[in-house]
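Order as written gives the chain letters A, B and C; numbering starts at 1 within each chain.
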Amino acid sequence: MQFRKKDLLGIKQLEPEEIEVILETAETFKEISTRPIKKVPTLRGRTVVHLFYEPSTRTRTSFEIAAKRLSADTFNISASTSSIVKGETLVDTAKNLEAMNPDVIVLRHSAAGAPHMLARRVEASVINAGDGMHEHPTQALLDLLTIRDNKGTISGQTVAIIGDIAHSRVARSNIWALTKMGARVLVAGPNTMIPQDLDKLGVEVFNRLEDVIPEADVIMMLRIQLERQGKMLLPTLREYSKVFGLNEEKLSTAKPEVLIMHPGPINRGVEISPSVADGPYSVILDQVTNGVAIRMALLYLLIGGEKDE
Amino acid sequence: MQFRKKDLLGIKQLEPEEIEVILETAETFKEISTRPIKKVPTLRGRTVVHLFYEPSTRTRTSFEIAAKRLSADTFNISASTSSIVKGETLVDTAKNLEAMNPDVIVLRHSAAGAPHMLARRVEASVINAGDGMHEHPTQALLDLLTIRDNKGTISGQTVAIIGDIAHSRVARSNIWALTKMGARVLVAGPNTMIPQDLDKLGVEVFNRLEDVIPEADVIMMLRIQLERQGKMLLPTLREYSKVFGLNEEKLSTAKPEVLIMHPGPINRGVEISPSVADGPYSVILDQVTNGVAIRMALLYLLIGGEKDE
Amino acid sequence: MQFRKKDLLGIKQLEPEEIEVILETAETFKEISTRPIKKVPTLRGRTVVHLFYEPSTRTRTSFEIAAKRLSADTFNISASTSSIVKGETLVDTAKNLEAMNPDVIVLRHSAAGAPHMLARRVEASVINAGDGMHEHPTQALLDLLTIRDNKGTISGQTVAIIGDIAHSRVARSNIWALTKMGARVLVAGPNTMIPQDLDKLGVEVFNRLEDVIPEADVIMMLRIQLERQGKMLLPTLREYSKVFGLNEEKLSTAKPEVLIMHPGPINRGVEISPSVADGPYSVILDQVTNGVAIRMALLYLLIGGEKDE
């Protein structure tokens, strides 16, 4: 099966077979980043624009490294320096970019659905690098790759996602991705951070971290958005950390081969203790490494194939 | 005829024959941006520095894309991050850049004449990417290319420039460019926005938009600088829009093949209505596409030729 | 002798023979920047990350130009846009970068010792681009190269360093570098800007500029940090300039072949008068040119050699 989509907007729209193609392509690209000469000419002369309306060094750098290792030319546009400050709309900005013949626009935007709207308006391929509280599909794909690398398969694994499920695009994309690939998904977090209709997505909801830890093959901790703290419905960060933070003591009831994941950046001592984040079960840095491979795979699948031949 | 200038500082200094060479060179470069591999090795190993003292994502990105499609290495320096914040003068900054052996310095600066001063001090070629309210020559050249592409010729066309003529470097460069190439130039705008000695430049001045629309083969709308609004001598934006904004009703008296141009970014609903900006007569996005070609041509003409041989 | 270090953290750790290797390698790289095609494929496919926690266009641009002239891929991360704003620690940021397989991390940080700590934690080579008031080794190396180019040798030269010695990483690295290479080092500055134990480093301390000028083969003026002015213990900038600023009058007692150096950016009329900065003895712009060559040499010595074979 080939990958025939123009854009990568979310996990929700992907078939399991498409996800499989992405993961397998990423697997073949992982090796390139371990060579002394970390570069192949695959996308030479292609133009990749990173259009970021929210600051994100990690995700942008990962995309930029992925593009340059495939020899594409990259351009970074961030909201703070762009004509967005002059009041231009996203569509006008994008149509203007389009007129410069980019092959891919990688968009991060605070509005859910912004990449979908953009994709309908431009001929370039659009990759969603995070849209509001909606989706963050490349994060979910790199998470899948990390689980598969470590567990051999995704199907049949029990994955626990812990934290602020309601406001997390990482959680949303991972729930779609994991259930599509046959994993069992448990979530746990404060009542106020669990959306009401989660069970419709095939997810089992728990309120205590202690209930999910012994069940889980994979524990995926979410980042607490410190900037949203004023609106948090738990008394304090200290309280949150005590109840939902992962530390060695709580981890003592986990399965022996459990994987600990986190999308980063980590709030050490809040949602995860330093000894767990840096401990033997943590694959947090593998996730970062896999992020480059997933983004190389997507760039290749979206613009590397047909146009060449 | 060859292009023998060291710098591209303004339209005022150019001969019509030099403009012709630029346009014809740009024409040959347009095709490169439509290829899957949008890159030629022409300027490999050349160093192009973008030194921007005013924010401008569009113009900078256009220059950066132009340079990279010619395989040059590009470096971006913006006022907010540079040692300008440490109080260094433009000349010191430029002399320092010079010591790193750049081939081209693309300068945007709020002071009229800054690129001219710079060009006398450095050996590198200087391209003016906008100096205060003085000139924006690459904009005028891309406008010429857009008119020529659509009308076959520039000579003999009647071009109406509408808006704040007095404070617009786009207007100034276009008046030089269009009159040199044999076009008839009409301008219209509020009294307070029309410089007094325009007729000396061979331009016909009108106060009503309605007077110039039926005459024009090309209507070039200028951007209203919303940030200058407090100093505007019209009562409100709403009033400005009513009197000098271009909408479908006013356009109904235009010639059947009229071209609508705008340098961007557009204030939709202020100087131009969305239906006109996106309508069948609009070549606004062609202007953006031509911007890349013009900038490729200039880089090539300034540094691509003689040094190679 | 080969250069076998993983990192370039400071001058203090270098043997004179290692400094010699760096200077000689830089000498061979200088010529590349004078070619029309200023690029060699030496580091093609290598990844160089510039991680700057303090703004510095000059130093970053110099490193970036050096890396690109060796065909490396470069990535810029600055504190203001990075996840540092989300509270992430330097180590977490670095471990994350590491997971993307960079070959070199160039770090500027306000904390003395930050590059040393980083170097112990990551496999990538670390280059110190300035750490607090501690070291700025690439500046000292480019200063050595400039002296050697102009004087033939460093050993035996008398070098006077003038200004705020106590708070200057440039002074500290140069004191190590010059004494290691056999130069005689004199310093002069206000009492409050001279560290107490300087004589232990083999440096002679003076309080009057007039005392050192006639002795010096090289006069190295330091930049006064205008932002620290409130904390200065001299009455005013005007007073500082009068006593410790270098002007033509004071220079009249200097040796006939004296070299005037300054790390830039210059405060014209404060620590140095314009006529001296731009005068016949000034090698300030040579220093900038040599900065690119030194940084090319270091990138080559750290990652260009062994991995290839």
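Definition applied: contacts are C-beta pairs under 8 Å (C-beta built on N, C-alpha and C of every residue); 3 or more make two chains touch, one makes a residue touch a chain.
These numbers were taken from a predicted model, which means no experiment stands behind them.
Where chain A touches chain C, under half of the residue numbers in use are shared by the two copies, so each contributes mostly different positions.
To fit its Cα atoms onto chain C, chain B must turn through 120 degrees, a value rounded to the nearest 5. A straight line joining the Cα centres of chain A and chain C is 40 Å long.
For chain A, the set of residues that touch two or more other chains is empty. Of all residues in chain A, only 44-47, 49, 73, 75, 77, 81-83, 85-89, 92-93, 95-101, 307-308 touch chain B in the complex they form. On the side of chain C, the complex with chain B involves touching residues 33-39, 55-58, 61-62, 64-65, 68-69, 78, 226, 264-268, 285-289, 291-292.
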